[in-house]
Structures are given as C-alpha cells and as structure tokens.
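Presented sequentially are two complexes of chain A, the first with chain B as partner and the second with chain C.
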Partner chain A sequence: MTNIPILKERKKQIYHKGEGVFDLTCDTKSLAGSISQRACVFCGSRVVLYPIADALHLIHGPIGCASYTWDIRGALSSGPELHRMSFSTDLRERDIIFGGEKKLYASLVQLIDTYRPNAAFVYCTCIIGIIGDDVDSVCKRATEEKGIPVLPVHSEGFKGTKKDGYKAACESLSMLVGTGSVENIGRYAINIMGEFNIAGEAWTIKEYYENMGLEVVAVFTGDGRVENIKRSHGASLNVVQCSGSILRLAQIMEEKYGIPYIRVSYFGIEDMSKALYDVAAHFKDNPGIMKKTKEIVRNEIDAIYPDLLRYKKALSGKKAAIYVGGAFKAFSMIKALRSLGIDVVLAGSQTGNKDDYEVLRDMCDEGTVILDDANPLELSKYCIEKGADLFVGGVKERPIAYKLGIGFCDHNHERKISLAGYSGMINLAKEVYSSVLSPVWKFAPQRMIS
Partner chain B sequence: MKTREKIEYKATSNACKLCSPLGASFVFRGIERSIPLLHGSQGCSTYIRRYLISHFNEPVDIACSNFTEETAIFGGGANLKLAVENIIKQYNPELIGIATTCLSETIGEDVSLILKGYNKKNFDENFPEIVSVSTPSFSGTHIDGFHGAVRAVVDSIAVKKKISTKQINIFPGMLSPADLRHLKEIVSDFSTNYVMLPDYSDTFDGPLWTEYQEIPEGGAKIEKIAFMGDAVASIEFGRVLSGEESAGKMLESRFNVPCHSLGFPIGINETDAFFKALENITGKPVPEKYVKDRGRLIDSYADGHKYVFDARAVVYGEEDLVTGLASFLSEVGIIPIICASGGESGLLRQKILDIIPDAEKIGIRIIESADFVEIGEEARKIDPDFFIGNSKGYKIAREMKKPLIRAGFPIHDRLGGARIVHVGYRGAQQLFDTISNTIIATRQEASPVGYTYM
Partner chain C sequence: MLLRHTSKEIAERKSLTVNPAKTCQPIGAMYASLGIHGCLPHSHGSQGCYAYHRSTLTRHYKEPVMAATSSFTEGASVFGGQANLLQAIDNIFTIYDPEIIAVHTTCLSETIGDDVPQIFGKAETDGKIPEGKYVFHANTPSYVGTHVTGFANMTKAMVDYFAKQNGHKENRINIIPGWVEPSDMKEIKRIAGELGINFIMFPDTDNVLNSPQTGKFEMYPKGGVTIDELISTGSSSGTVALGGLASGPAARALDSKCKVPCKILDLPIGIKATDRFVDALRKMAGVNVPESINIERGQLIDIVTDMQAYFYHKKVALVGDPDQLVALTEFLVSIDMMPIHIVTGTKDKKFEKKILSLTEEMPYDVNVKSGGDMYLFHQWVKNEPVDLLIGNTYVKYIARDEDIPFIRYGFPILDRIGHSYFPMVCYRGGMRFLEKILDALMNRIDRDSSEIEFDLVM
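After this line comes the complex of A and B, so read on.
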C-alpha cells in the first residue's frame, strides 16, 4: 500500500474487482479540488468536429480556449488543412461588458472571406453562456450573407461534461446532414462514424470497407468534408466507433432517415475482425461481401501474425494500467493487450456510464481496480500498488507513468501513430514493446512500496 | 516601422499568447509545497495542465473549483471552499494559489471575500496560506497572470520584520527551469542569502521518483518570501515589466527595498548589467569562473562573427523575452528584423528602441499584439534567415523552409524545453553556438561541395 489518501467522495467511483458489491458511481460532475483528468463540454465538441478539414472552426470567447486547442490533435487530412488553424474572437473586457456579437459577426465575415471554407462552426465557450450573446442569430445572418452553413455549437464549458459536448457537436452536424444530394449513392453504402483519422486510421479502415465491396459516403469526421456530410443520409448503414462521441448523431439519423447503426471498435485483432464481419452480416443479400470480408481478415491476420507472436513472447506476463477518455476504448484495449500476453490491473475512463462499467467489470480479472473520473494521485497509487509495467493513456498521464519508471503508450487523439486496424495492432505492439522493455528503466530508482 | 493598431473587431488567428491563469500557475508552482487552484470550470485547468505537461514532461497538478451550471448562476463560493478542503486533504500544501478564470471574473466572483476567515488563525497551524490573484484573460495575457501572481504573493506574504538579513530578492520573470538554476548559481556565488520568486527550477524539472510526490520538491521558501521586506535589494528582470506595476516596485515603495530593474540577462550587455548590480549590492567582485565564461563567450563571438553578421531573424514570444533576445542578437550583428509579441503592454516598441536606437533605419518591424498569421505575413515580405522563438512558429518556418531555433515557452515539438539556458554568459554561449551552427549547417547543406571544414 502507498499512503496516498483517497477522498471520501471519490471512494464511490473506485471499485476493486472481487471486493464487495459492484455499485460504481459514474456520469457525475467532477469533484471540486480533485484534479480530474477531464476537460470540458467545449473539448467534447472540439473532438468531434475538429477533423472537418474544409470548415472554419471559430472559437467564440477569450483566447485561452483557442490557444490550447490549436493543432492539438493528430487528425490528418488528404486535402485542405483549415482545421489545423486556431481562430478565436479573442474577446476583450469591453466585449464582456457590451456583448460579443458584433465582434463575432465581423470575425466570421473576415475569416470566411479570407479562407473560403465550405461551412463554419462557431463554438461557444463558458462566458458566452453568461454574457448571453445571441450566437444563433449571428450564425443565421452569416449563413444568409455568405452562402455557406454557419453553425453554432453550444459548448459552453460549464454546462455539463465532455459528453454534453459530443451531443452539442452532433446536433450541429445534424443540421448539415440531409442538405446534399444523394444521387449516385449505391445500395451498399455506409458512413464511418466516430473515426477521426488520427495518424491516417480512417484511411486504413476505409480501405478495408472498400475492399469488401462497400461504398463509404462520409467519414464522421476523420478527413472530413462538408460535402460528404451533407449527403451522408444516402448511406444505408452507420458504423459507429468509439464511446458514443457521435452516437447521438447516429440516433438522430435513425429517427430522421431510418438509417440503422451498429457499434464497432477498430482496436485489436478481435474487435477489428468483428467490426468487419458485423458490417458484412448487415448486407446479407450480397453474400459476396461476406466472402470478401473473410478473405481480407485472413490475409491481414496472416500478414501480422508472426510479428505479433514475437512481441507476445517478449511481453508476456507484463501488467498494464489503462485510463482512457471513453470506456469503449478500454474494452478493446484489454482484449488487445491480452493478445500480447499482458494482464490489465487497472482500468478506467473519464466518461464511462453504468453499462460500460458493468461490461468492464465482467471483462477484468479479479483484483483489477476500476476507476471513474480518476485523478493523478489515484492513478499513481494504484499503478504502484498493482505493480504496473505499462500505462495506456493520454499526454496528461504520460509523465505520471514515466516519473514512476513505468512504460507508456499514447492512445489518445494526440497520438501520431496509427493504432487502428491490423497494421495498427502491430504498431501498438511495437509501441508497447519499445517502452516497456527499454533498457533505460534500469536506471530508474527502485519504486518503494511501503 | 509600424506598431500595429488593431483593426476594430478582428479575429485572432493562431494566437501568439496564452491566457492569464497559465502564467499564474507557473508562479504558484514555483513556491515550496504550493499548489495552484483555478476558480472556474474544469476545461481551463485541464487544458492548462496539458499545455504545461507537453512542455515540461512533468506531472502538473492544477486543481479547479469545477463550476457547474448552478455555480455559474448562484456563485462559486461553495465550490471554491470545497476545492480548498479537498486539496488540503489530498495534498496537504503550505500554500494554495488561487487564480480566477474568465468565467468567475465575468460573474463577478470575489475570491478574497469568499475565503475571508479561511486562514491559519481560524483553523489550525497546518492550514495553508491562501493567496489569490485576479486573472481575467479578457484583459491580459499569460505574462500578466505571471506578474500578477508574483505581486499577489509578495503583497500577501512579504513583511518587514526589521531584521537585518542581507537577503537579495530575485524576480526572474518567465524563464526556463535551467535559467532559474543558472541564476541561482550566479547569485549564490555572490551571497548565500537570497530568495527567487518564482523558483520552479526543480518543481518543473526534477528526477524520477521513488514514490509519488503529491507536490514535487523545491520552490521558493515561504519563510524567505516573508523576509522580502527586510532584503537589501531586489533584482527584477524585464525591461517591459519595468514600465508596469511590479513586485519589486511594491517592495520598494512599501518597505524601502531598493529595486534594480534590469533587462532579461540575455547576451553580454544585459548580463554585464546583472553582474554589475550584484557587485554593487554585495560589494564583492565577479567570481573568476564568470570572468572566464565571459572570456570564452567573446572568444567564440570572434570565431563565429562572420557567419552571423547581418543575418536576419524573426523573433517572437513574450515581450521581455523578445526584448532580451533582440539585445543579444543585435550585439553579435544579427538583425532582429521582426520583433513580435502577442503581449499587450504597449511598451514593446519603445523598449526595442531603447536597445536598438536605429531600429527604424535598419527596417526592424515591431509588431505588438501580434498573432502568428500576422507574423507570417510580415515574414514572407522580408525572407529572413531564421526564426527564433517557441514551437508555435514552426508552422510558418516550415512553410518558408527556414530554420527555427527554439527558445522560450512552449517547446512542444522537441525534448528539453526546460533545459534551454537563455540567460547569463552560459545562455548566450548556448544561443550563439546554436545560431551559428544552424546558419553554417544551412549553407553546408545548400552547397554543391559539402565542405567538411567551415
């Protein structure tokens, strides 16, 4: 045991598998003073919309919110790169007093004229919710005058959690969907949803689907284009990845256009293959698709298997801690790490819900610690106590791992290495291997477990 | 030359500034057993943590009072108190440094009023000091948050105990941990009794741990800050800061502690002034090792002068860093052809002119309240030889196929941002070697011959 204290209120959000009844509290606001690893509503919206590369992303508020999210993510584009710019209305004191609408309007006009985007998103940050700017009507006016959709995103940071930001983004996207022509879209057409093309992952996934004989209408939102989103209601299936970041949109599209959706994950061989099979199974009327799919899965696995075995041999018996944004990713990671012979001793997420945590509990081994909305002290405490050799998380967790002499694998949106698909599985193995087995750790001071 | 008057209602594109609470967090992190707490909603503190972590590669714990919808309407008092209590339970700090955010400022929160009575007297001896600073980002940048926090700490902790301490107060400004270490080495070679505020030389750049440290070791000692009113002198860096309210001036007017306002000690001229001040304060001569450092530096200036003379550099970052770098560059014959900052003091132009009186004639462009799109536009007009500043200029440097020499904060695309030494003769040595070698390398690579001698 370490002597790191756990706050009383936080104890309800921590569960040791095998000890007592499982009743994890989740889906709550973060505790004041606890130092959550979460960001805000605005962050959630930014995650979802950011990769749309031919849209203008204007952050309405003071400068920080824009500065800190400038080019922060590894979402690639095959063409325009407007998403890698950071635009802010940079509100000043007099705007706070007299309102920021004029400045917002002038900024929109100036930026649209300069960059000629195909759409614009206006993100409301915290103080917009206080000073009461009528962002909707400014957007409406700009839409009319500039001839492109200018969409408000109601992402005031304090109005909920990151998940509410996902919803706000989905609602803005839903205003675009259905405004384009669905001509020339075939019967076997899908939308890839919740795939943000980090390090080109969407391209890998898209290629699998195309090789299966499917048409991809739009990717939400990796390498995203406004035109494709507008016509995405022409697809006959929405394939949704990730922990619900874009689930709301899939639901809206089901209600409005009758497009069914399935949930998948592209991380690890097991989930990747299941994703392709599930999609193929949806198009039962065309057995050719399933046949093709089987071939692809077989070839892909054959191609990486020998390397994978090599890594597995080296990594067998190591212990991992996983702390990610959405719980869905944690599920895949547990399976993927197991396939490398690694046991998971800590699993947690920023935004998991009750159902997620039940699945997580069932998947984990006895003794695993399950955490919701953890803080750095808790993460360190349990990493030390459980003897983790590897931490899978994001940039904010990286120095915690390194300080304690623990290997680290970045599995967040900032990563520069593709971890999805079959090739991604090998990259993951390589990443884990090169951190966990690095010789530098022999210089790390012995961890003291008092 | 022109100073930019901002066109009314213009968007900021790729900002060359950060927000105030980030600067305040630097300061609160630079005090022993202290932890920053932002009064506002979760995003600001998480984003700021992430931004700092990417530069320092150290765990950065910044707490937050976690505003919700109800708090935004009914006020954040209860949340703030809860945050303070939870921090004490988990971190057991000696000081909690509270910085406001745009949100709490907009709804008009008064932190000192909320926390009235939250002090050692009313609780127990172990209750931490609480210092709060108002840091609305709509009326200042990160550097204002930085200096504001230094002032707030001095204001609430420094007293005059009428004891003769011979202490020297150092207010270094926003420098790298390696800079702070070097400054401490220099000052302690003159006098062992000094305090530097902030001092994050260890807390932002420490070794691996044997067990988790809630608050990393190091930082300015609170007892020493308390003695600031009895000090023999303060040294405060920053020519731009010298034109504004500052902690040093506060100590001067309140307790008659003489304040030496100097430029950032970058390059020989500004470093000489620093050593001169130390000589005057302590009555001791410059130690031999610095005389030698200085000698070697000048020797290298002689070896490399031809490569750098008349080279043209785009310099950007905080105003005082830009001013310091401009002073160094011009003393070796490099023209800081663009001096740009997102800072808003309105003093940059004059401070550059103080250092380079003929700046106008040479064609130096000084851009105040700049963003990176403006800097890029200006840079494209003049075809500079290199850029010098933080990593955020990389986008432009890459587009223009010009080298970027990394200096200042943040360095997000290289290792070792914390270990860059800018100040003192040693800092100038590092900068001079890096710049000369970058220019030499550019020529070598462009050469059809590829000489293996210079």
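After this line comes the complex of A and C, so read on.
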C-alpha cells in the first residue's frame, strides 16, 4: 500500500517538513488524469452565493450542475428558503445549437413573477462559455423589466479552479453592495464575511459580536439577505473568515468604499478569541468594546474548559491528518487539535497559495507531510505511514478514512454540527473523541493487528 | 415548510426545470464503468463534473468512488481536449495502474467536438497504453438524455469495444442487470446461480460499491465484470437484458454485432416481472426452476395474501427512472394498490403509454409524465393526495410538507442505508419492498389512531 509511486510533477506539491528546501508548487491547475479532490469554478461560485436565502439562484446549463448542487450545503436560513429549491434552464441539444438566451430570459421572467425574489443570480456553466450566450445582456434586460437586480455569475467550470469561482461570486456580490441605504447604521458596525452558517455557525458568531456592542450589517453569505448586502458598505470593518472564498469582495470594498478588512478564523479557542480581540482592537476609540470582549472570552472559556480538559486527557498523543478546501481552515484545525493534545502528521489543502503553505510549514512539527491538491492514494499512503488516528476532511475523504480504519471529522459543508466558536470547540472535541475512540475500531482489521 | 414554494396551481413551464427528477448522462456512465473490474472511470471535461459525480455516488453508497478527469482549462476549450486526454491516459496508467480506463464525455468536450477514438489512436501510436491494458469510451453529452441513458450508453460501449464472436456459441447467458443497486445485481446473480446457469453479468457493481471494511483502501475492489468476460459475451448463447432503457441498447448491440439473440425484459420487480425473468432464463438455458425459487415466490405471495387488507386501494405517487417505474407500477397494481401519480425526469417515448396500459383497469385517473420534475410531482400530490410516496431522497421534502408516508427507492438515496446490501428485485426483493410498504403504512396507522383505536394485533 505505502510503496505507491508519486508522479514526478506531483512531487513538487508534496513536502516533508525538515527535509530539503521548502518550495511547494501550488495554485496550479490539477494534472489531467489525476484523481484530485478538487471541484470547478461553478462549484466555487455556487457555494459562496448559495446561502443567500431570499435570492433566486438559476443555473444556466444542462441539468447536471443544478441536480448535484440541490440543497447539499447545510447553510441554514432563519427565514426564506428559496435557496433550497433547484432551478435550471435544463439546456438540451437544440439549445446548444441555437443558443440558450431565449430560454434563459423566459425562465427568469417566469421565476421572478412566481417567487418575487429580492435579487437573482444566474450561474453560467461550462457550456455557456462555449456557445457564447450573452448572459450579461439577458440579465440587464430582466433587471430593467422586473425591477430587481439580476446578476450574472461568470462561473464557467473550465475557466480556472474553484478559487476563480469564489472570485466570480465576489464580482457578482460587488454589484449589489452599495445599492442600498446606509441610513441608521452606527459607527461600530461590521460585516461578517466568509461565514456560511453551516449548522447555524453564523448565528453563534453574530451573537458574540452583538454582545461586544457591535452592530452586524450583513453576513456574507450565511443566512444572507439581499437588503443587508446592499447596505453592507455602511459598515466600518469587514471581518473576513475562510481565506479564499470572499477575500476578493473585501478587497473590492476596501478599494471602493475604504472599508478596511481583517482576516480571522472562528475555529478553536485560540483563533476564536484572537478574532474577537482583533475586532475589538479595531474600535480603539471605544474601550468599552474591548472590556466586554474580555469578559465574553473569559466567560466562554470558563464554561467549556473543564469539558475540554476531559477530552484532552482521552485524546492526548493521537495523530491527525488534515485535508481541507482552504488552507486557512487547516491553520485553525492544527491549533484546535493541538489544544486537544492531538499532533498533526499530515496537512494539506485543495486551494492553498504560497503564503498559506509557508504559514503551514512554520506551524507544523518536523516530519509533517504538507500536500497541495492531493489524490486519494497519496492521502492514504501518508495516513498509514504516519499512523494517523483521525482524518479531518470532506465528503470524498470520509469513506477512505473509514476503510483504513481511521476516525473522521467532517470539516466541510456537509457537517451537521457547529464547529465555530467556543461551543463549536466542544462539539469538535466530542466529534473527534467519539470517532477516534469508537468501539468499531476494535473490529476493524487494521486495528486488530496493532 | 421547506417546499412551501410549491403552488397548487399548475402553470405551463416550457423553458425551466424546477427541482429535477433526473441528472446528467456522465454520472450514469461513471456508475456503469465502476461495474468493470479494475476500471478507472474518466471524465473528459472540467474538474467539477467528476467531483460532483464522485461526491454524489459517495453520498449514495458511503464508499470511496475513484475516477479521474481531463481537468479542462480555457486552453483545452479552445484547442480541444486531445492534449489533456493523452496526458491523462499516460498519468493514469503510470500512477493508478488500472486494467482499463472508461472515458465518458461531457457537455464541454462534446460541444468542442473532441473525437475520442481518434485520441485513443494517437495514445496507442505514442505507446501510452501499456501492453494488456485497455481504454474505451462512451459519448455522454449532458444536454442529451439523462443519467439513465448515460448508463445505457456506457453499457453499450462495453459491447461495442469488447464483445467478440469466437466461432461457436457457448452454453452461457449474458445478463445485463440495468441500473440497479449492487445488492440487486447480487440477487440477480444468486437467482441465476440457483437455476444452475452459466452466465456473465455486466456491468456488475456488487463487491465494488458495497465492499467490506478491511482496514485497507482498495482502489479497485474485488467485484466487477472482467475484460475477458466482456470479450466472451459475444460468444454467449443469449442475452437477458433487464430494463429496456438502461440495458436495451447493449443487448441489441450484442445481437447485431455478434448475433447473440436477446430478450429485453422489465426489471424483475414484483411477482409478474420476476416470473418473466426466471422464465426467460429457464427457457434460454434449458433448465428447470428449482424448488428453492418456487418457495421464495410462494413466500412473496403469502405476504400479499396475509396483508391484502392493508394494500387494498391505497393511493401511491411514484417518481424515479422509467425502467424502475414501469416494473414498480405493475407490481403495485398487482397487489391492489393504486399508483396514481407517476413522474420520471427522463424522456422516454413509450413510458406514458406503458404506464397507462398497466393502470387501465384502475378506478382512478392516472397522472403520468415523462420528462417531468419533482415540482410537478409535488403539485400533483397537492391536488390529489396519496397514502404513500415512493422516490429518491429528494421526495423527503414533499413527504414532510404533505405529511405522507414515504419509501426511499431510486437514485440518489443520500440519507439512509440499506440499498447497497438488501435487494429490491426478484422474489426476495419483492418481499423487502412489501415490508417497506407495510412498515410505512402501518407506522402511520399507529401514529394516527386514537388511544381507543390503537391496535396491538395488525
């Protein structure tokens, strides 16, 4: 199992900490023929915009892209649920030959008349980039006729990686930002960015900020609402989580409206607390905010600490492999797992960039394997070689870990429990504990040998 | 209510699919390819396609699903995907070492106009295909057909590329199981085994997508039809194809290419369809039906006899794929249930006619639609409520909204297990189907009966 070959080209995307010079290749397209765990541009746009619950999401292309993304992300809404429906222009061969613009227009009109959404997003899939539908002008026409913003999302699957899809989504969102009134927005107002309200995480985070005395104008995009996004330029700080997904929008808003942004993470006690402190520090002119923040952090940590110690005792010395979408998530996970006494022996991401991997290298212990855009064989090879007890990853990694007899924690959009914030840290500990120490491993062949 | 967006009034929709009851061809091609031993499916398109197919199949089976992709870029979309596919073939054989690569196309590569056989020729000339290894392909543009036709096309491609006559007919039967679960394929093989028949099943995902926990990650699990077997299908004495839409094209191709006569049957769901299947095997192989199979049949009928009162005139709404729905409708009608709303997302000319003729004698009007969606299905259920819903996981929204008992059957099932291990075909599968139907209906009776009516013995 472990003497599988590694492609020559792939060797540059794998680094063993402590061996040789660090020069990891990343930010590249996957090699043709590799079993990458990555997805496409459309996927990137779809996951970023999907949680906006009162918008219409129309997927322009053949049916597959709509079917595979129908309500698969557990981004919760406290109100409308229009985002959980699946709308597709369902292009057929005829449309590929004669173009899909008419179909797109007719679909838009019918959907907007039926559902009265506050905005509409039209996702371009691969085929649109080839047949050359003028989606921009169809959207423009619908905007004028229907009186709501109808925004094209240029997410043709082949035009880059998932990251380019994030960018395309940000470009579309930027057309909404700045179109609403900023009246009644106070001085201490922020936007929460890159938080998708998986399992209600955005609600937890929002509550922390509100308890600090801050006003949250908009969440991008968890439990998202069009009206809030339109007026989000009234905030005085953008707090950006999840490295890749929404950074572009924060940059646009900085350029256009002079709103500064800071990058944070809400996973693990350390990063969660740092996030709150960093935000509080931004509003220096109001020392009350920092005072409240300290109180919140103290109370929250006091509340979970005894439980956390219990889990740490049980998990101490276990080894983990982390393979996630964005590298930023990996940073937090390493810290969070360390606070549970778990050592990280493999760390990798689908979309990390050079800076990300340098941070990752500095964080990791000697001997840790660092991977960019890994394939299942590499992942299983190093899991076995390094003796991992836990795998942190997404849907495609779960069954591989289980087959190997390794515990698993879902840190992707399919997770059912909130992992953000202080309560999330306990949830993470509980999930890791229950999987790593599951009695099933007593029956699993791998464990029987050792 | 999750789907409160569904209105009772049915307006005509020409240009729009809402809540699809289908997906695109490539995923069907990928599923069929996984039924070949040592095969790595390959998606000739952008990276997202295969990521979605792998994720969906993984969610459905809770198993690792391996496949590769040509990772199209903007360059490939302008200059064609030849370079990508050539590089992919080279990389795949170097690193993942499959016996065979099954390439399926996508909307992107089809529209660009990539000629896959020509690219294979180039790969061959360049020595990229190692000795004893194979590549083959099916055209599966996403804007034609659905997941079902994708499965059918890939299954047919197995015949087109591999089936060969060896000059004489062997005493052996080909069984093409159609798009059913690994558990169903296993059951069909068991029945053929009970009959003492020498057979080849293709594709065969048993032991591929229901593999045991072994402590190892196997890129190529034990199951699947072998290439030698695929070659031999051309010299079998006959073919039994189950499900006209999914298996018909491959069966007909075997007939015209290798003169292997075929019998195309409905999927063996329920009493009558299983009778026809067993009878076809019996006749084709010239064997007798053993007592063991008679007993199973008798047990199935025994359940229907015992529980007839609970089935009587219960209205059912079904959504799924044509082959499944036709067989299921016949089964339900045969046990006195009333399938009144039947929707498939796949366009199939004969479908509506078949369903209407199967339900002709029923005292209710029947709504049937080929090329429909879940939205229409929900509207029909709203307008004429039913006692039971049968369909894939997405029907759970409708079941919740309308508070109707629901059985998961079809593809995909993202929220329950069982389909990988327990069959729904043949007599024993029929028994499981009835158990599921009765559980759903009787749990509802228990839930809804007053304390006074609440019954211990049912």
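Please note the rule applied: the second predicted complex is superposed on the first by the 445 of 450 C-alpha atoms of A that agree within 3 Å, B and C clash if a C-alpha of one lies under 4 Å from a C-alpha of the other, contacts with A are read in each partner's own complex, and residues count from 1 in each chain.
Everything below uses one rule, namely that contacts are C-beta pairs under 8 Å (C-beta built on N, C-alpha and C of every residue); 3 or more make two chains touch, one makes a residue touch a chain.
Everything numeric here is computed off the predicted structure, so don't read it as measured data.
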item	value
When chain B and chain C are modelled together on chain A, clash or fit	clash
Contacts of A:129 with chain B and chain C, given as first, second, both or neither	both
Which of chain B and chain C A:82 touches, first, second, both or neither	second
First, second, both or neither for A:90, with chain B first and chain C second	both
Contacts of A:235 with chain B and chain C, given as first, second, both or neither	neither
Touched partner set for A:330, first chain B, second chain C, both or neither	neither
Partner chain in contact with A:409 - chain B first, chain C second, else both or neither	neither
First, second, both or neither for A:426, with chain B first and chain C second	neither
Partner chain(s) touched by A:64 [first = chain B, second = chain C, both, neither]	both
Set intersection of chain A contacts, chain C complex versus chain B complex	4-5, 7, 29-43, 61-70, 84-93, 95-96, 102-103, 106-107, 110-111, 126-127, 129-131, 157-160, 375-377, 380, 395-396, 398-400, 402-405, 444-448
Complex contacts: residues of chain C adjacent to chain A	2-5, 7, 11, 13-20, 22-24, 26-27, 42, 45-49, 51-56, 58-59, 62-74, 76-77, 83-85, 87-92, 94-96, 106-108, 111-112, 141-144, 146, 211, 213-219, 345, 394
Interface residues, chain A side, partner chain C - complex	1, 4-7, 29-43, 61-70, 72, 81-82, 84-93, 95-96, 102-104, 106-107, 110-111, 114-115, 125-127, 129-131, 157-161, 375-377, 380, 395-396, 398-400, 402-405, 443-449
Chain A to chain B touching residues, read off their complex	2, 4-5, 7, 9, 29-43, 58, 61-71, 84-93, 95-96, 102-103, 106-107, 110-111, 126-127, 129-131, 157-160, 375-377, 380-381, 384, 395-396, 398-400, 402-405, 444-448, 450
Interface residues, chain B side, partner chain A - complex	8-15, 17-19, 21-22, 37, 40-51, 53-54, 56-69, 71-72, 79-80, 82-87, 89-90, 101-103, 106-107, 136-139, 141, 207-212, 214, 392, 395
